[in-house]
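This structure is in structure tokens; I'll ask about it shortly.
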């Protein structure tokens, strides 16, 4: 492919401006009313999930929570553009996308609650465990996609990471492997301007992160990460291209992390409030709401129906996560190997015996 | 920098065609007669070094030799464009460049002879030990360059690697670190079409390897790797740009590995003779010779003087490498730490005692 | 495939791969130079020709990518076998190996198992330059979730490779480079003990030599030499580093009351340390002397001209045996 | 800087870095979030403000790049201190650490030394999720060329960090996360034993507890509890894993004739294995019982809700002490 076909647009694709008005853009498909309504509901629910999870941390029910507050449009669109047979590879920040793929929020939060390392069966919803070691999951995504290709299945894999993760060697190896093997993967980078405290300027001096596609012979595109319409359009085309045999695609969404990296982080140490304030007007929910209201698609009934759904989700999160799950000691040894080694059987017996004595005491 | 300024030319820069005639190219500086004569001498010597080393392997004097036969123009130019204060980071294949920087060929070949892991003091000629773990040395190059920047020295670092090494995560991390810290490094990729048996097509599907610069905001350039004039010009400008505060530069030279990966390799398993034959006409020595003869710069005297120099180098290689260096047991423990640990002192004493008993036997 | 002929260990590995790929379509072999070239040690010779480039293929040159791609392929129904070209070149894949390959099953409570075989040509004795002779087994055996085997015979090369590929869990197969060309007449169909089992290679009554991989032939030579001097040494081939066969190893040590562990890797916090520790913990009152170690020194692997001083030798083993307090204290 | 106040271990590390950077212009501190944020554990708090962004700075997010850049900076006259944000996130740098940081001096016959300090917040007990609580010391101590220290007290945090930075060789400093907030009143100018020295933290006559890093406070607690039960336990803080202080450790064990090694990392082929092996090799005839180990299980580090079952506890240590055959066999 000649290099100019690989270069992203100079500006991120935007279909709705921050007041919810349609832009001039005519080259990208504008989503249907139904798609946008569905997306808006998901946005409201996603925001509610972030708020509820945040509250649960405060109440000590979650060990930690990396919120996608402000990034919900990316989270929601990534899940909506995928087909049933497709795979999602999320990070610790992508709880909302995971829920968007059908995983129960309570199961999605098991890692952060601390009961176990992951709370759902990845094979059921085709959602990989949330990845903490940055960029490592991108390589797995290529393998999953290549296995599908070898079997002639038309699975597409949505592989997510942040701006900071693009600096890791595994990002490079994943994109290159995908390109060489023409693996149907959409690499979706959420550029929220920070890697914990480190601003994008310390991460890369490339014209954009989407420009990284060129070095792999992979088309890259830039999109406004707070514009759910643009995201549905750009990510949708990327998924179609990958499914259609066009090979892997790179999409960079420009968004912003409205809260601290996690509740444990103190963002005041590295960014000013006015910087954060400036982004409030670009809230993805305001934008889709303004558009839908303007089109008289978001009626009062519809609005309250959506609010009710969001409250249900929040309530079930509270119920599920308020429960104390009695930790099972034997779980420590049960899953390390398909059949525990003699050494692990010995160690399990040792712990059993110790616990029974304690019980006796 | 806007992305089009980062994109390499569509075709590799060529100043001398394969018959040694000057090309149309007027945008790149054409080297002076003196530069080209000097380069030609270095080419002849470089070729002789490769031939002599190859012979020494046959005679069992070297454990292994990865030859740069056919790539001498790259080897020679890389060394010639550097200033005295500059650093070279070579690979196992870059013996000729190392010699070009002033290291005695005998010392340069200690690694491959097997007496020790490296045979020269890197600080004397500012030549790092030859790197075997692919792409790892590129990151070191960035550190050396950054240290110079911090002290306000105008050192430039020439960091070499092959086409295969560009796939490693460290290649990505090195280029990105260099770009972010504006480190004066010239990343010089010798694309010889193979990584042992793996052809470039399995390594990358990018328009060129030089296109990888775009993703780091780093200018990339392509050059004919068998045209020493073009190499002197392109690498020279890259060094100047880096020294002038232009930040890191990426240069890809398209060349060809005329011999097997090493003497231990059997190239007939993965490539056809006619492919190799086709490259014989593009031999870098023929090209510079033809040009210099045409310009009546390469007189008979000059020619034989050069041949004599080459023979001297070869003779001193034979002398030096035919010598059996008595291995010193205590070397095993002397350099692991600045001061040997009690454990190593114990182990050294143990070996001493063992050897003295054997001596006694 | 039944046969009864003299073949090298490299060929035995090759047969194991071929037979596994024939029996199970989901088995894939990939890495650097494993296709047309057949691997720098020819272990994958002919596989891409026989099974096609989609079953045995070269990848871009990136070990973390190779290991990570294996994780994804295994998550989606494949049985990947990856080759790390030399021991030291597996290090770029360390994060993928430790943080994912070893932990995925546990992380997902068994929902996702990773039947990945990681082939690592290991150790020295081949006159190789820097980075081509590391003994990296200590890093792997210390990592919970990995199974680690080190065959020392041609027959075991075939059996343990087949078992590794058949295992539902990730298995690191340490291929002893210097034994690749060792030849034995073997019947590949003849069942050998599986993963998790150590084997007594030579009976003996005075002391027990415990070895694995490249050190087993050296230990057997030492036992021969000792026999000539009238001392009867028993030799145990550990074979399976994880899981470890305490029963066989401790049984052997109890039978002689004396033991020397032989391994070529650096000794500090190594497999040899673990064997000394567990044998002592379990056999303390049967021991007439402390269990000794004959290992490589705690130094980077030496250059070709010096490696002979580093590697466990017959004499060094016999010297260690001599220190086992024969005149009881 | 002279002072005599109650400070946390995190502050002691911070003082050590600040003092080293003040005394030596070539000392650089870099990594992820070590600048404006001051590190996720605040160990580098205020350094970029005080010394500027060229002395203490954030890098792109890539650990191999960080480690490799340190190699280059050290090759060119600098004294780099790098932070790996959490133990498991040092794995991407493994190749740079093992193949270059540990080997450069040896490779160049001492012509190039690498005075690099590698700070690794290690181990658990902090309720951290996956990958945030690994005990990776076994990987480092097994790698010749690396010096490895694990402070357990506030005073040692300062001293060992200063010595690490002053060392001409690469030093891995294992910072015990769960002790970051432990407070002590210390005089930072008061000389502490240096790298290579173990310290007897508590005298005792019946048995010796050998511990390092996070396990030292647990061992001391166990000794208190034992004293209450009328058993006198000696506690040795190893401090320096490489070089190892055989003299102090073996001297202690010989004085009691009984020993238990306590460490939270997985036990198989670990530092604990090495200590059991070398203590047994050197003190065999002084031992009334085999040296016992109390370590983490051979499993991936557990999730927050289960870690208490994995970590060495006072009771578990006392149980181990009880098995040291007090009624002589």
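First chain written, first letter: the chains are A, B, C and D, and each begins at residue 1.
Just so it is clear, a contact is a pair of C-beta atoms (placed from the backbone, for glycine too) under 8 Å apart; a residue touches a chain by one contact, two chains touch by 3 or more.
Note that this is a predicted model, so its numbers are computed, not measured.
Novice: Could you pull out the chain whose C-alpha mean position is farthest off from that of chain C?
Specialist: Measuring from the centre of chain C, the most distant chain centre belongs to A.
Novice: Between A-C and A-D, which chain pair shares more contacting C-beta pairs?
Specialist: A-C is joined by more C-beta pairs in contact.
Novice: Any idea how many Å lie between the Cα centroids of chain A and chain C?
Specialist: Computed value for the inter-centroid distance: 41 Å.
Novice: Would you kindly tell me how far, in whole Å, the mean C-alpha position of chain C lies from that of chain B?
Specialist: Those two chain centres are 36 Å apart.
Novice: So how far apart, in whole Å, are chain A and chain B when each is placed at the average of its C-alpha atoms?
Specialist: 44
Novice: Which chain C residues touch at least two other chains?
Specialist: 59-60, 62, 64-65, 88, 91-92, 95, 99, 103, 106-107, 130-131, 144-145, 242, 244, 268, 297-300
Novice: At least two partner chains per residue is the criterion; list those residues in chain B.
Specialist: 116-117, 133, 167-170, 172-173, 176, 180, 202-204, 331, 336, 341, 343
Novice: Okay, in this complex, where on chain A does chain B touch?
Specialist: Contact set of chain A toward chain B: 1-3, 6-7, 167-173, 176, 179-180, 202-207, 211-217.
Novice: Within their complex, state which residues of chain C touch chain D.
Specialist: Contacts found on chain C: 64, 88, 91-92, 94-95, 98-99, 102-103, 106-107, 130-131, 138-139, 141-142, 144-145, 242, 244, 266, 268-274, 276-278, 280-281, 284-285, 287, 289-293, 297-300, 329.
Novice: Along chain D, where are the residues that touch chain A in the complex?
Specialist: Touching chain A from chain D are residues 32-33, 35-38, 40, 58-62, 64-65, 88-89, 91-92, 127-132, 268, 297-300, 302-306, 309-310, 315-316, 319.
Novice: Can you name the residues of chain D that touch chain B in the complex?
Specialist: Residue list for chain D touching chain B: 28, 54, 59-60, 62, 64-65, 67-78, 80, 92, 95-96, 99-100, 103-113, 144-145, 147, 167-169, 196, 242-244, 246-247.
Novice: Can you tell me which positions in chain A touch chain C when the two form their complex?
Specialist: 87, 116-118, 121-123, 128-129, 133, 136, 138-148, 150-151, 169-170, 172-174, 176-177, 180, 331, 334-338, 341-343
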